[in-house]
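Encoded as structure tokens, here's the structure I'll be asking about.
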Amino acid sequence: MRRPLLICAVLCLAACSIAGVAQDLRVPASVTAGEEATIPTTGSGKATFYLVGPGVSRKNDVSLGEEIHLQGQDLRNAGDYLALVCSDTCHTGTFYVIAAKPSSLTFLVHPSRVPVGQGDAISGVAFPFDQFKNLVLAPATVTFQLAVGDKPLFSRPVRAQNGVAWFRTASGKSAGLVQVIASLDDVTAKRAVQQVASEPCNLRITGQRIPIGVLVQTEPVHDCAGNVVPDGTIVTFSATEANGKSTVDAPIKQGIARAQMEASGTTVVSAASGVVMGNELRIGGKP
Amino acid sequence: MSTTTQSYSRPIPILAIVLVALAVHGPLLLMQLPAGSFDANFHMFFASHYAHHWFNPWNEKWFGGFSQTTYPPLTHQWIALLSTVAGLKMGYMLVQLIAVLLLPVGVFRFARIWVDDRAASYAALGSVFLGALAFLVYQAGQLATVSSAALYLNALPYFYEWMTEARARSLIKGVAISLAAAAAHHVTLIFGVVLFAGPVLWVAYLDARDERVSGSVGGVLSRAAVFAVLVGAGVGLVLLPYWLAIIQHPIHQIPIPHDSRANFLLNSTTAINYFVIPYGALILALPFILIRGASSRRLRPLLMGFWVTMIFGLGGTTPVPKWLLGRAYEILTFERFTFWATLLAMPIVGILAIQLLDRFRSKAAVALSLAAVGTVGAALWWLTANPYRSTGMAATNVDPVVAFLNRDGHDAYRYITLGFGSELAKVSTYTSAGSVDGDYNSARLLPEMTHYGSAQLTNAKFYGSAGMASLRAMLQHANRYGLKYIFVHDTYYEPLLTFVGWRKIETFGTGEITAWSKDDVPPAHKIESDAVPAPWQGLLWGILPIGVSFLAIFLELLLPEQRRVPTAAGIPVRAEPSEQHYVA
Amino acid sequence: MNPVPGSAIAHLRRALRVVSVSAFISCLALSSYAADSVVQVQLDTKNATPRAVESLTERGILRDYRFAWTSIAQAVELNTADPLEGPFAGEAKRLLRETVVSQQRSGLSRQYVNQSHRLEAVFYAPEGDVIELHDTAEYEIRISDGGKIIHDEHVVMHFVVLMTPGADRWVIRQLQAVPKS
Amino acid sequence: MKFTLPIILVVATAALMVLALFGAGQAHGTVGIAAGSAVYTPKASTPEQALKNLLVDVQRRNWDRAMTAVSKTSDTNKQMFIQDWTGTNGSLRSFSSLEGFESRPLHITNDEAQMRVRLHWTTPVGPLEDVRDFRLVREGDVWKTVLPKVQLPSVPSQVIPVTYLRWDLVSGGAADEWGSKNVDAPHVRIISMNAVDSAEGAVVMGEVVNEDTVPAFVNVNATLVDGAGSAIDDETSFDKIDHVLLPKQVSPYRIDFPNINLKNVKNVRMDVKATLVPASADPVIGVMNQKIESDVQGKSVLHGDLLNQSGQTVNISHVVVSFYDNNAKVVWVADGYEDHALLPQSSAPFAVEIPKSVASKVQNFHVVVNQYSLGRS
């Protein structure tokens, strides 16, 4: 069934071309988004003008022989546009609207939280857009910067290709907030990455007997680079004695986790945070 | 003879009775009192679907998709038609009003089979004030049952006339109205065959045997068979998609408890709800109904029909329904039988009314009026007094829930409500999102709904462990069904939601309703089902049921009933010689 | 160029036009049974950087891009924004909705027939949260005014597409036609 | 006939009613009616009847009549009796209804009886069973139940400073610009997984850890895949997990696949979903005196006490336990709900049963406590 369709189409198109159905309009070669444009017409009398493009489907009467004025409002969206002027016959023309100059950057940065000292852990992707949210495909250089406060850590200019520029880098050594900035001319986008302590390192606990059992607490909890593990991190204390076992999931507060547990006899206390184990502690029974 | 006496001794014009029905029920319906009834939202939900998809009975808004061919469509399609000019709620009220106005006409015509015009007119007048009618219209919201019963009562006199007089136009009109009744509610027709048509056939047989009518016994029985065959075939065709759906998916779900199946002797509230309120002052008339019904051979079929129907209406108070219905006992609800029982009693009650009026005149008129008004008044009072009927949800505004579902792409997921009662249907009607729950037990096919013996998930707690097990099963498969949002109107459910992975994300109004969400649920996908009706079924469903109702209307208009010569106030009509003392 | 009213050439042209359009429509109608309504999509991911496209992602993009164009075709032909819910997000969704609204106002509609898309992935973000595709699309576009076809043309178009992962699918966030480079 | 038929109908109706009341037509399953006979016998001439009367009244919340079935020698009053059966402080018991019960005598003499009752509760989190022993005595010709003194928890007035942490989440509107949201989902990892066959079907279990520095709302999903690569079934951890994991917190998970045998399973696809949520590090609930013991029926049970170390009431607590073998492999995950509220600084016992098939392998265990507090979900 495809072949008859093709033959019919060819025949009809040939006939159409004889009949002059689709004669060309003189349209601009390309228009920058948001700018005005004109399309000249010839002849006389009334005709209907159609403008069909992304986000636009306009139809209005025009006088032949006069210029058709296209408002910037109608040409905001980048893409292909078809102009038709129909009276007895239709005249068509197609043109492209291309993006204007960049006015914003869409900047995707990952991750938002990253443990310190990890290679290729931070990445960012920037897309330049014009004021009408059209992707700017014209070549441009985007500069990526990492900074802690006012202190720059890293700066790299990247040539945007196909409307995209990207970078990747390792996380730093110190916990804290890192500013990630992408800039293109006078357009800037800022994101933040929280560098956090890595796994607790050398988790140590101390304890003492109190009237209702034992009181145990960690020493200040750090990662191996010396960064303080964030408050709220859970440390699981386990106290084992002859009568059984007691456990408490205690959050770190001001660098230290602490728990009270019921135990009367000689008690072995241990601690763990996630998959990291701490030391064991033996506390004697009640005197 | 005074004017008053004369007016008591004449039949009340049927137009006057219809006007009384309009005066009593019209304002209540205009006030949209039935909007808060149990099933009103369900009917409007179905109607809303027809309003948008007349020829496509597959509705994806409940149970992840179900076929509306599992419920006869006539009343819903009429609401859908009227909703285009009056809106959905007023469309419902108008259809309900039509049914309420048709009912006394039906009772009058049905009663004339058994009693004279005067008693029949009082029976019709009494039917306007039936507690059972008020119960079904304003509390239960059983639009289809009331509409179907009204139509069926109008069809039965044609059945009788066809059997006894062999009038072709009676056959045509009787069959057409019967089909319309079936298109409104199939259960009414199925049970009506035994409980209503049975006594009519019996009395036609008696009349033929005793030569009170022109037809012979053989003629009566053969014509009854013709009528039955035509109605059977017609119902088979008009409701064909229904039969196909029910054959393909018979109701295999675990039985769901319903209070109308309880033993009324063990629960006073249930007894009041399902016996005292529906019968009202008729309870006082029961001895007369029994004695008077038994004393006349022509009334005995009616009495037996009444008694059997009444026994069914008692639900689990007697073992009879369970014995006779078997598994169907667990599917049916029994309040409708009480309604039918009161309708069957009305001809005898008409006799009681005229006897009282003849004997006590104005005093009787006052007493009967008080009894009638008291009965309907008690039923309306019970709407607020019934401890089982929560008004908490009805007073809660569900509009924020609808708005939430219709914004920000939330309708890409499914939802359920908890503690919403019948307001679930209201939410479903106005949102574009689908639910895995639904307020219609017979269409449920998802195993999480059918394997536990509970009805709606929104009412899960009222079904005890079964209900909560069903809810747990559904929540367990939330990801499978795209069930992301849960709206809670009862803090009872909050612990479960907390422990199984939902989070409270929004509070509506003053906190009566909260929205809960589960983050890892993917958007809902179409649930493949073999229950989707074929396009031709949708076409049939959209044409035949509404078509037979139009046909019935046209036949009533085109083939008007020949005016019957009034009988000389004999009670019952075509009375046996021994009944002569009842003639005024 | 307007034909001169009343001239024999004008009559001939009009007649030929009517015949040709009628014949074309008839041919279309006849062949509609066989017209392949399925959107053809091919995807080449070998040039995607800096991250290699996973096979599961490739399948997902093929499926979702095809569905997106089916939805566009439905939306602009029937002038309803409903099909746009789901496959589109952000700017692409806004633009397509505007197109539908604008068409509703002007009484125009578009048809995309016999679509074929050759996609090339040119950028896949390190975290897999955005992919840039270049699409060379071929289709026939018909523009109708009140049911009357006013333009019918077979075109080859180039699109720059940004897709991002949604809850259960890839959605088009930017769809921009560009001149052939 | 005028009177014969009515009499027949009336008698038949009455007979049918009597039959339904006591005979084959008994209505079952109706909401609010006890399983078995719901008929109340005013004079309890047997201990069974006395106990049944009491429990039927408890079911119907007919407290006045229930108190008449309680012996005067009981060390309780009506208020305590009601609180015992209906729960206090928004506990799970206060959400529950007594759905049914089965009783059996342990010891009966002429004047005294000991009965054991298995109580079936319906609760928001599923059905729960409770076993209670009752002592009954004969007072005259009527049996009555002797109720022990109910120990209702009470907490002395005190000020408990709350200095624990809380994470709040500020989320932008739906209209946020693309890419402007820069908060990733928490990093959560499955640290162990084990699939076993059980009597009910296949079970996938293990532990999951929140490796991030922010709280995570976690769901673990598993898909069983057959030899052809097709999914057999997919299920989620449902309530066999602590969904809110604070930083570095570990939770057991268990995913049940009813009626599936592992021999048909080639592969298990695990998928853990985590969302950033607001959370609080309070309340801290300690799990004290954990010990595995055998009960009277020989079942292995993990016992312990939950100690609420915070200043707020925990209405419902849920215990999830992972049991390890001697290779530290998770061999079972079990859970249980506590039906009493945990008042501030007070403790309540808990017990979790270990299936016979794994009891011998269990060398160690890890308990986490999930909680629900009214108005804080």
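Each chain gets a letter, A, B, C and D, in the order it is written, and its residues are counted from 1.
Throughout what follows, contacts are C-beta pairs under 8 Å (C-beta built on N, C-alpha and C of every residue); 3 or more make two chains touch, one makes a residue touch a chain.
What you are looking at is a predicted structure, and each value in this text was computed from that prediction instead of being measured.
Judged by contacting C-beta pairs, the busier of the interfaces B-D and B-C is B-D. Centroid distances from chain A, each centroid being the mean of CA atoms, peak for B. One simple way to say how far apart two chains are is to compare their mean CA positions; for chain A and chain B this gives 58 Å. Separating the centre of chain B from that of chain D, both taken as means of CA atoms, is a distance of 41 Å. Distance from the chain B centre to the chain C centre is 52 Å, each centre being the mean of its Cα atoms.
In chain A, the residues touching two or more other chains are 108, 110-111. Under the contact definition stated at the top, the residues of chain D that touch 2 or more other chains are 178. By the touch criterion stated above, chain B contacts chain C in their complex at residues 409, 412, 522-523. Looking at the complex, you find that chain D touches chain A at residues 163-165, 167, 177-179, 182-184, 191, 209-215, 246-250, 281, 284, 286-291, 304-305, 307, 309, 365-368. Of all residues in chain D, those touching chain B in their complex are 1-6, 9-10, 13, 16-17, 19-21, 23-27, 29-33, 38-39, 92, 95, 97, 99, 120, 122-127, 174, 217, 219, 221, 234-239, 241, 243, 273, 275, 277, 315-316, 318, 370, 372, 374, 377. Against chain A, in their complex, chain C makes its touches with residues 1-3, 10, 13-14, 16-17, 19-21, 23-24, 26-28, 30-31, 33-35, 50, 91, 94-96, 98-99, 102-103, 105-108, 110, 122-123, 125-127, 129-130, 132, 134, 143, 145, 150-151, 153-154, 157, 160, 162, 174, 176-179.
Looking at the complex, you find that chain A touches chain D at residues 106-113, 191-192, 194, 196-197, 200, 230-236, 243-251, 253, 259-262, 273-275.
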